[in-house]
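Chain nomenclature is as follows: A, B, C and D, assigned in order of appearance, with residue numbering initiated at 1 for each chain independently.
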Amino acid sequence: MNFSDKAHEECGVLGFYDVDGHSVAHEIYHGLYALQHRGQESCGIATNDDGRIHQVKDKGMVNEVFNETNLGSLVGNIGVGHVRYARSNEPRENAQPLVSRYCKGSLTLAHNGSITNVDSLREHLESNGAIFQSTNDTEVIMHLIAIARTTSHSVEAAALSVMDKLEGAYSMILMSPRKLMGIRDPQGFHPLCIGKKGNSYILASETCALDTMRAEFVRDVEPGEIVLIEGTKLTSIKDKCNKKPSLCVFEYMYFARPDSVIDGVSVYETRINTGKLLAKAAPVQADFVMGVPDSGLNFAQGYAMESGIPYGEGLIRNRYTGRTFIKHTQAERVAAVNIKLNALASAVNGKRIIMVDDSIVRGTTCANIIKMLKDKGAKEVHLRIASPPFLFPCYFGTDIPSKKELIANRYSVEEIRKLVGADSLAYLPVTDVNNIGLRKDFGYCSACFTGKYPIKVKAED
Amino acid sequence: MNFSDKAHEECGVLGFYDVDGHSVAHEIYHGLYALQHRGQESCGIATNDDGRIHQVKDKGMVNEVFNETNLGSLVGNIGVGHVRYARSNEPRENAQPLVSRYCKGSLTLAHNGSITNVDSLREHLESNGAIFQSTNDTEVIMHLIAIARTTSHSVEAAALSVMDKLEGAYSMILMSPRKLMGIRDPQGFHPLCIGKKGNSYILASETCALDTMRAEFVRDVEPGEIVLIEGTKLTSIKDKCNKKPSLCVFEYMYFARPDSVIDGVSVYETRINTGKLLAKAAPVQADFVMGVPDSGLNFAQGYAMESGIPYGEGLIRNRYTGRTFIKHTQAERVAAVNIKLNALASAVNGKRIIMVDDSIVRGTTCANIIKMLKDKGAKEVHLRIASPPFLFPCYFGTDIPSKKELIANRYSVEEIRKLVGADSLAYLPVTDVNNIGLRKDFGYCSACFTGKYPIKVKAED
Amino acid sequence: MNFSDKAHEECGVLGFYDVDGHSVAHEIYHGLYALQHRGQESCGIATNDDGRIHQVKDKGMVNEVFNETNLGSLVGNIGVGHVRYARSNEPRENAQPLVSRYCKGSLTLAHNGSITNVDSLREHLESNGAIFQSTNDTEVIMHLIAIARTTSHSVEAAALSVMDKLEGAYSMILMSPRKLMGIRDPQGFHPLCIGKKGNSYILASETCALDTMRAEFVRDVEPGEIVLIEGTKLTSIKDKCNKKPSLCVFEYMYFARPDSVIDGVSVYETRINTGKLLAKAAPVQADFVMGVPDSGLNFAQGYAMESGIPYGEGLIRNRYTGRTFIKHTQAERVAAVNIKLNALASAVNGKRIIMVDDSIVRGTTCANIIKMLKDKGAKEVHLRIASPPFLFPCYFGTDIPSKKELIANRYSVEEIRKLVGADSLAYLPVTDVNNIGLRKDFGYCSACFTGKYPIKVKAED
Amino acid sequence: MNFSDKAHEECGVLGFYDVDGHSVAHEIYHGLYALQHRGQESCGIATNDDGRIHQVKDKGMVNEVFNETNLGSLVGNIGVGHVRYARSNEPRENAQPLVSRYCKGSLTLAHNGSITNVDSLREHLESNGAIFQSTNDTEVIMHLIAIARTTSHSVEAAALSVMDKLEGAYSMILMSPRKLMGIRDPQGFHPLCIGKKGNSYILASETCALDTMRAEFVRDVEPGEIVLIEGTKLTSIKDKCNKKPSLCVFEYMYFARPDSVIDGVSVYETRINTGKLLAKAAPVQADFVMGVPDSGLNFAQGYAMESGIPYGEGLIRNRYTGRTFIKHTQAERVAAVNIKLNALASAVNGKRIIMVDDSIVRGTTCANIIKMLKDKGAKEVHLRIASPPFLFPCYFGTDIPSKKELIANRYSVEEIRKLVGADSLAYLPVTDVNNIGLRKDFGYCSACFTGKYPIKVKAED
């Protein structure tokens, strides 16, 4: 599900350098379709036609912003695409990629993540006379690269020196007149991978974009690495690859598409594993196991495998509801869930159900769904959550409500169970986060559950 | 899946008479969302404000055509809504409901089905001087009712007399200045049901619309019945309820939403049953059973239950692809399936898979999907189709390609297996259509599989 | 000026039959531009591609409704165009041309005028079972032609017989699968002319459309005539050319473009003549004569010629104001005139001014303009109106306010002078209407000034 | 006329500081309507709600970009508006006002003119690490102010110091969180004036905007002056008011609206005077004098006054043609003039005509119009141009074609006469530019006629 009481990813990025000189706009457009789940508020593509930049970006989803005419105007064989999640009422100016002219021609930047020291960086720049036309971290990074370039011998050297100043999460793609670069922060909070189609390299947030573009997966960009693509040549700059990674575990739990493989681990497999762990940790007698579509499905499948309880469907998702659902009255606002989901009476009537979802943020949607199932005759609804409770804010690019809004900070598990109307409620034990099938030789960030932040952050007031 | 090589339903209809005098536009809008799967080309709502009709209709889906402004303009406490499937390049004039002024004021009609003798009816009307502004059957029916009304004492009497002239399929909703009527052809080819919200009656193509509107299901309109709603009073006219029904079996197999119950039978249950029958009829060894999303999922679940082979997921559906996907080159046209679906490598690699879908029309999409699974390492793909082969055209409102285009008319099962690249292929035996859980006291149309049409039709040239 | 307190023409029509088989859509689009002043609410074009009709019509002006894509879709070498004036909130269904299928194929109709007995015609049709999808007179005429055609040997014979039933004003263009017809009511209330480009005939409301299409003027369609175009052949049917014509004089005074020639008389020349008559009838001492742009300009020039008082400009018209001017508050509504017109201070300051306009309907705009001139220092403003006072409603296609709203029915000339703030006020004497240069061998309708209607009309309640 | 072979102004600016705290968006919207002639490609408004900036800007005219919804979102009692002329295919990013965040909060800038040393300024900024997101001069100025502000004690002091660096033409409006400023370059190339409505100050490119807003004219901003508005207080900074002004004479001849008064001189009066001078310098026998609408009208009136030859109309302008005229074929491209203008046959037939226009740039439109007049029977057409020949490029904000494209550089007057098909041709003598009624105590730039640039410019290659 993609209801408003979910945590939100900030962005998806994509870059393509076609060595045969073909226009890349349509290919990037296809790839952005596959990354749409990472951001639905705005999107854009900028292409590079021998140094001359063309761009189209606006509020809206990929199939709303692009059309045959504007894709046709995006001439050029190197390009960068972006999909963006944004808080409501953000200005159109915040859409990415950000295109600038600087001392060495054009510079295009698409960014996924969140710079934790962005305020002090911006203040420092402003005190030296910088101006900002958006509220994006991206524009701050662009300023820093342009300044660094005045004393660096190359754009990649400038980018490398800027990495010393940036704290926090950034998986980004940078395009100069003749180069395409992928840059991932030393902790590697968010994914970034390398693909290849024929002899041409692709950079993308997730491998599912490579599949859609019918390209081959090459490898992930390493935490701290700069990957430099010049025609058929790919160079790696690893000066900053010296920190222990702390990849966001919520990428596996919710953000990423199940068909993606991130840093060597299949998202789908971690979800099946998590479902199994949940079945072991919080078993319960029931007639069938179901997931809340679509976020809970794989977890429920894993729970079914482990428990031996049959897997079934109890909710039908209306696949035609878009972002623009009109709510007339308060009653209709409450009823939005009725339009998006319907309980499958003949499946749930008289049944004891285990219902699995990825997380609870505010709890309202969850309560509506359980009521819907009970109204159709469900005898028991046992709620199983495939992650530990959210207790701490995220500073690295995930839009989780403030501490006060997080239901788990205000209520006990038993209180939440009553609030949502479940017959039982259990979360994934926080100790099990390490057992969902992640790599032992790698580090992960689960600060939203534990409060142990991998880098220093300013505490929430 | 909703690819172009599927059979297509023609329409969904909805009517609401609010006895408390509230505006019905928003309620109908919600209900049409739930019927969107029955037609995505155009939609409309007409409301009745004490005899004065307001209407909004256009090409596009429910969330494209309606907005807060035009819904607000739809004043009135009685209303009719419609969603329409249409062949490409149909004129906007064909959008429904059709609103007319006639001798007794306004008349509004929304229709689902296909009148088999429409050409002779239209010719007869034209020979008497009638003019037609659309190519809809609906306009022909409207003419007939208006003419009948000049000699009938009521609009329902006029409608009743028109039923003697109409052959074929029609589930329709008729609104006069003070009445709302539901009319279903004597064979009852397509569904139409009655709901109630508070004291107000609703008419809808499927019960899922009642759930979305948080209304209660009352009963189905009987084949041949006219249901007349005047305020809180519901009257039934059953003069034409004397034929053996022949409800379309493909409503259960593909068209209807699984959470709907049609003529007393749960769509979901028939799909689970069909999957079980298929497992018995065409068993095969495999590592897991999967459905083509979303059309094959419930069948696959039934197959898994019967066979004991685990149910799994092997394909991820991109939930952001709309109707407006832009295809640049022939290569991209072929690649459309890559944007809509992706194989789940970690689930399918090295596995023997049973893949279930509802039907094969042209076979191209099916072939693409099987190739996708094999490219990701699937060892075997056994295709199971949850319906018998399509061999005969439909004259009752389903847009099935002509005989020549139907793959089953041109190739043997073994040839089709090779064409789509499956390791084995089996269809539901045509004898099993009677065993999927349908009512014994009712009749069904399965002419597309058997060629036995329930009423006389003009043979295809 | 085109402010809302002007009388409004109902429509402009255009037909083109290209004998070389070229697509006519772009040519008709050009011609409609020249007729835009006759109606700005909606417009449309229907083209005939060997009997198959394509159409585009919508609310909006020519440059809003048409674009390269939809013009390209209008295939066919015969076509009909229409621009429409409409009262606010008319349904989109009223846009023309009206396209219907009838017993002999397609029939397309575009109409300018008003049928005075339309209500009884519609009632009679309805009592025989007819249905109506718009509130247009056009649809009534279409029904009558279709019915007549069932007993006539040709569409032109059917049209001829329908002329016996129609009372009132109609200049219309009718297109059947192979014929294009121009039909003008026996009184010839509104203009309709014939042009020729190469060997191809054109029918148009005004000759200015022929100029724009770079075609030659052939002649006017005579009152009562049917002109039938089949390829290069033009046939005339004059059975109904037996009445005394009564062409609307207000076509010369306001509706038509000055560069048009109607029924042998130059619109421009009648306006110059009218100005001269006004100068003779109501002389006054002044520093210069000016017109209210654009409606009063030619009259003012004539006034200047006759009086010897210099012609000048005192008002600047903002040429960028469209129909969509947004009025926020009541104050802004009043201020709309400030955005459309501005007084030319250096021209009017300290001057005695004669200001000429074509008519006064409600008087509000006029009062605003005079105030504007005086605020910029005008010493005296003498208002001269180039038509007699409106005293009677029009039943023939002009949207004049009801008797009660007509300022001249409620106030004396002296009272109106005070209301609008003029230093003197004079109208064209009603006796001078015959002297503006119209033909002696022709008849004219000036019922709005005299109450002498050329045909029987139902009196206003 | 506004055809493409005219010289083009670059922009219009408007600022409003409402001291009563009312929202200024609607007022600015009205004012921009009056300035629309200064730029039709894009427009925008930015408002200041206690330091928080709201903005709407896009390609399109005032009535296309703004609607009730987005005007309603423009909260704030201080605001800046802009209309922009742009060469085709400029990016949307170039629309103004430009809004930035800088060290002291927000900064909003709207600019009319052209900075002659912008390239070296931009290069210097880039060499210090600046980035540019548009190709506007405005963004360069914004950078300079932001940098200057880091060492200045106020935004007005920063702006003053930036004036030392800027060369060329700039009439601009600057808005900081609590101040509104008008800044005019020391030469005063383009106009900028101060108005007052109640106690609230307005800044605008032309006085016609004040009239439209029903405000009073206070005075012009002096060349070199900074006007600082803080609430009801207006302060003047005149440190740079030490140069001889060189106001663009073409503002009087073409750009400005005739109802504007610029630097104490009525635009209308200079045009009347120019027409008179032209009559003296190049008399000819004729039946009447006419202007090309709308640019030549006032000149023609002056010519008529001086010569005693009657003033008349020979061309009708279609007032409904917008920017989006669709040209299908080359023939239609040529025919565009036929849609915009039509000759008034009854006025021109058999007549000797003096036709006056403001200028000739390429000559094509002029030739089309003369042909049109002759086709309608004009016996002679004597072309009089109310400015001397364009011989030199403009560097100060007027988009005149390059030297090579200027017809006067390639052909003699006699050759041009033949090319456009006139019977005689005369320009305003260059010596008469000083006699059109301009102030003796002021300086003017007529470099486009004389090549004598008021400040040093880089010569065209």
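Keep in mind that, in the parts below, contacts are C-beta pairs under 8 Å (C-beta built on N, C-alpha and C of every residue); 3 or more make two chains touch, one makes a residue touch a chain.
Nothing here was measured: the structure is a model prediction, and the numbers come from that model.
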Identify the chain pair with more contacting C-beta pairs: C-D or B-C.
C-D
Chain B-chain C separation of Cα centroids, rounded to whole Å
49
Chain C and chain D, separation of their C-alpha mean positions in angstrom
36
Would you give the residues of chain B that are in contact with at least 2 other chains, written as numbers and ranges?
none
Chain contact topology (line, ring, star, complete or other)
ring
Along chain D, where are the residues that touch chain C in the complex?
26, 29-30, 33-34, 36-37, 40, 61-63, 66-68, 71, 208, 211-214, 257-259, 261, 266, 268-269, 294, 297-298, 301, 305, 310-313, 316, 318-322, 324-326, 328-329, 332, 335, 338-339, 342-347
Of chain D, residues touching chain A in the complex:
55, 91, 98-103, 107, 126-133, 135, 142-143, 146-150
